[in-house]
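Shared chain: chain A. Partners: chain B in the first complex, chain C in the second.
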Partner chain A sequence: MFSFAVFFESFGPLFWAARYTLLISVLGIGLGLVIGTLVCAARLSPYLPLRRFAAIWVSFLRGVPLLVQLLVFYYTLPVIGLDVPPTVAAVVTVGICASAYISEIWRGAIAALPKGQTEAAVAIGMNPRDVWTRVILPQAVTLSLPALINELILLVKASSLVSVVGILEITRASQAQAATTFRPLEVYIAAACIYLLINLCLAALGRYLEHRTAV
Partner chain B sequence: MEWSILQQYGPSLLKGFGNTILCWALGTVFGMALGLVIALIQRYAPRWVTWIVQAYIEVIRGTPFLVQLFVLYYGGPLVGLRLDALPAGLLGLTIYGSPYFAEIFRSGFRAVPHGQIEAARAIGMSELNIVRRILLPLGLVSALPALVNFSIILTKETVILSIITVPELLYQVQRMSTETFRYLEANLVLALFFWGLVEAISRVGHRLEARITKHLVERT
Partner chain C sequence: MPAASSVEIRKVNKHFGSFHALKDVDLSIPPGKVTCLIGPSGSGKSTLLRCINFLEEYDSGEVRIDGQLIGYDAPGKKMSGRKLREMRRSIGMVFQQFNLWPHMTAKENVAEGLIRVRGMSKSEAEGRAAEALAKVGLADKMANHPSRLSGGQQQRVAIARAIAMEPKLMLFDEPTSALDPELVGEVLNVMKTLAGEGMTMVVVTHEMGFAAHVADQVVFMEKGELVGVDSPDRILHHPEDARIQSFLRTYHERNSF
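Now for the complex of A and B:
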């Protein structure tokens, strides 16, 4: 029978572990934003080698499963002599992986802007820098907010994979909990509930932003 | 990497690759089928049924695939669902993919011009025939690019099955690397392999897509 006692008791430790899930996803998307913006800039640059490099970056990171990326990164660190805490390694991997998707989100948003906007800005004599910082980027950022929230939801789910390299986030904590209580069904369903709760909140935030920015 | 290692582990790697392809192909086909059923239910079933289906979609899309697999594989036996790793993985992949496929079909159906369906109704086609001859053929064509894309995403999800010990490619690679202590090389080669695989599948998929939707382009 489904034991509600175990089910409710597992929420305490799992909520505690949810800090790490949130930490990894939020820092991951932060790092992804920074790298992703650079990659997107490289992708749109007039220099062919930069464009090539960015294209390969995106295609590799989107073509290789995150779990394999995590393992490669995890095993590379000791070889190049870097001794960083597993949490840092996880954040960096998740961030690098997210950067590929985020650069594509930026690219899509920039491409979606009407060409007339740039033309008008140039026509009234704005210099290229102002065109970017005052016309293109503010609009592109607003346009892509819902997509970025979506990416964050994907990262919250993807962060379950870092349990494999031993970080005590929700999934890993639920594995430990399942092992001590011998009730995997209840514990894993509780874990699923917490993920669902986080993601429903994020989805609501996404809808709110979409509603607010849709003028 | 020495050749003797490849010789020794070649067969198990090949078997792992076979399992990866098997899981991917069957998971995609079953997931698509279940997704199509869900999309049709949402279109035709009474309100309260669509609510249940919508809840299913939200739950599956809001939780990580890995946790779903854990519930199924480790929690399943507690309610009498005792599955081996491979069938559990297949079932998991099917369940995981179905809501995404359902949403793709749903927006494909929405892209079918309403006039087509009204016209079919006006000339007295039965509802079943409308689905079979109008909704499916037209909706599937417009859903095709998204279907191809999501099938490619599923290729990458198959590696997660290794965590519940489905003997697919990553599982075999990990077994090999714990025996030979070549963790980095093995995983790096696996990453490159997947990169090539996903690129190849997406090339083929997009060519197929272009071929099937050729009649749409020519007319404009």
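Now for the complex of A and C:
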């Protein structure tokens, strides 16, 4: 029978573990935004080598599963003599992986802007920097918000993969909990509830931001 | 009103891939006058207009604003971005799709160029923006975003954005073609006022009434060539060229009921 006692008791340790899930997803998307913006700039630059590099970066990172990237990165570090805590390794890998998707989100949003937006700025004599910071980017940010929130939600779920490098986030914690209680069903349903709760909050945050930036 | 510019276009050619969009175009645009470019779509009117502020890079020939070559320092040698921006500051442009910046209010749309390009302070720019908007009859819409304005109002904001920069030349690329018919008049009225103040204006248009009543010179283009350059009366009422006659016949048929 379904044990409600075990189900409810699981929430305590799993909520505690959720701090790692949040830490890795939020830092991951933060790092992904920084790198993704640079990659997107490289992708749109007039210099062919930069464009090539960015294109390879994106296709490589999108083409290899995050789980494999995590394992490769994690086991490469000791080989090159770096002693990095698993949490840092996880954030860096998640961030790098997200950068590929984020750079494509930016690129899509920028490409979606009508050409006339830039032409109007160029025609009055605005310099390229102002065209980007005053006309293109503010609109691209608004346009890409839904996709960025979507990416963050995907990251929260993908962060379950970092359990393979030993980080005690929600998924790993529920595996441990299931093993000690012999009640996997109750524990995993509790884990599912926590993921759902986090992502419903993120979706609400997304709706709020979209509403605020709507023009 | 600052002095009005003249434009000299000599032997201008433009290709889009293998398509020859402008063929050895020669045209003089006198200062303080209104020149209307008419002709069938795809005839190169907009392309020619966009060559005047080098939004479209012509391949060969010369476009001179008050004697100064735009886009090139010498034939085949591109002008620096800074120099080109300097020249564009005194050329206003109004687009078919308005191209207002949707994330800014009407006033911010007009003030933006004054702040970024003319280096004005925010308060000075907003004062100037308010004047320009009042001039196009939108003093009460300054705080509206473009999405809260009708097409005609948006186009008038776009005109205010251009005239606030105190241009010596204004280019209009089919300014009323995207408007509902009942909104065309308010935009044409603002343009008439500008013409009355002695602004040099080059207008690509399908509004034959505007061309007939406001233009000093009408240019008929077809297939990238200038077919006729003359007074509105000679082009629109007594055309000699068969191509102009046929274009006007189609136009009259479509507009009669």
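Following the convention adopted for this analysis, the second predicted complex is superposed on the first by the 214 of 215 C-alpha atoms of A that agree within 3 Å, B and C clash if a C-alpha of one lies under 4 Å from a C-alpha of the other, contacts with A are read in each partner's own complex, and residues count from 1 in each chain.
Simple rule for what comes next: a residue touches a chain if its C-beta (ideal position, glycine included) is under 8 Å from a C-beta of that chain, and two chains touch if they have at least 3 such contacts.
Please read all numbers here as calculations on a predicted model, not as lab measurements.
In the superposed model, A:184 makes contact with chain B only, not with chain C.
Touch criterion not met for A:166: it reaches neither chain B nor chain C. Once the two complexes are overlaid on the shared chain, A:12 sits clear of chain B and of chain C alike. With both structures placed on the common chain, the touch criterion links A:199 to chain B but leaves chain C unconnected.
In the superposition on chain A, contact of A:71 is made with chain B only, not with chain C. When the two structures are aligned on the shared chain, A:30 is found in touch with neither chain B nor chain C.
When the two complexes are superposed, the chain touching more residues of chain A, out of chain B and chain C, is B. Residue overlap on chain A between the chain B contacts of one complex and the chain C contacts of the other is empty.
Per the touch definition, chain A reaches chain B in the complex via residues 2, 59-60, 62-69, 71-72, 75-76, 79, 153, 156-161, 163-164, 170-171, 174-175, 178, 183-186, 188-189, 191-192, 195-196, 199-200, 203.
Within the complex formed with chain C, the chain A residues making contact are 114, 116-117, 119-128, 130, 134-135, 138-139, 142, 215. Across the complex, chain A is touched by residues 53, 55, 81-82, 85-89, 91-93, 95, 97, 99-103, 112-113, 116-117, 145, 147, 158, 161-162, 165 of chain C.
The part of chain B that touches chain A in the complex is made up of residues 58-59, 61-68, 70-71, 74-76, 78-79, 156-160, 162-163, 170, 183-184, 187-188, 190-191, 194-199.
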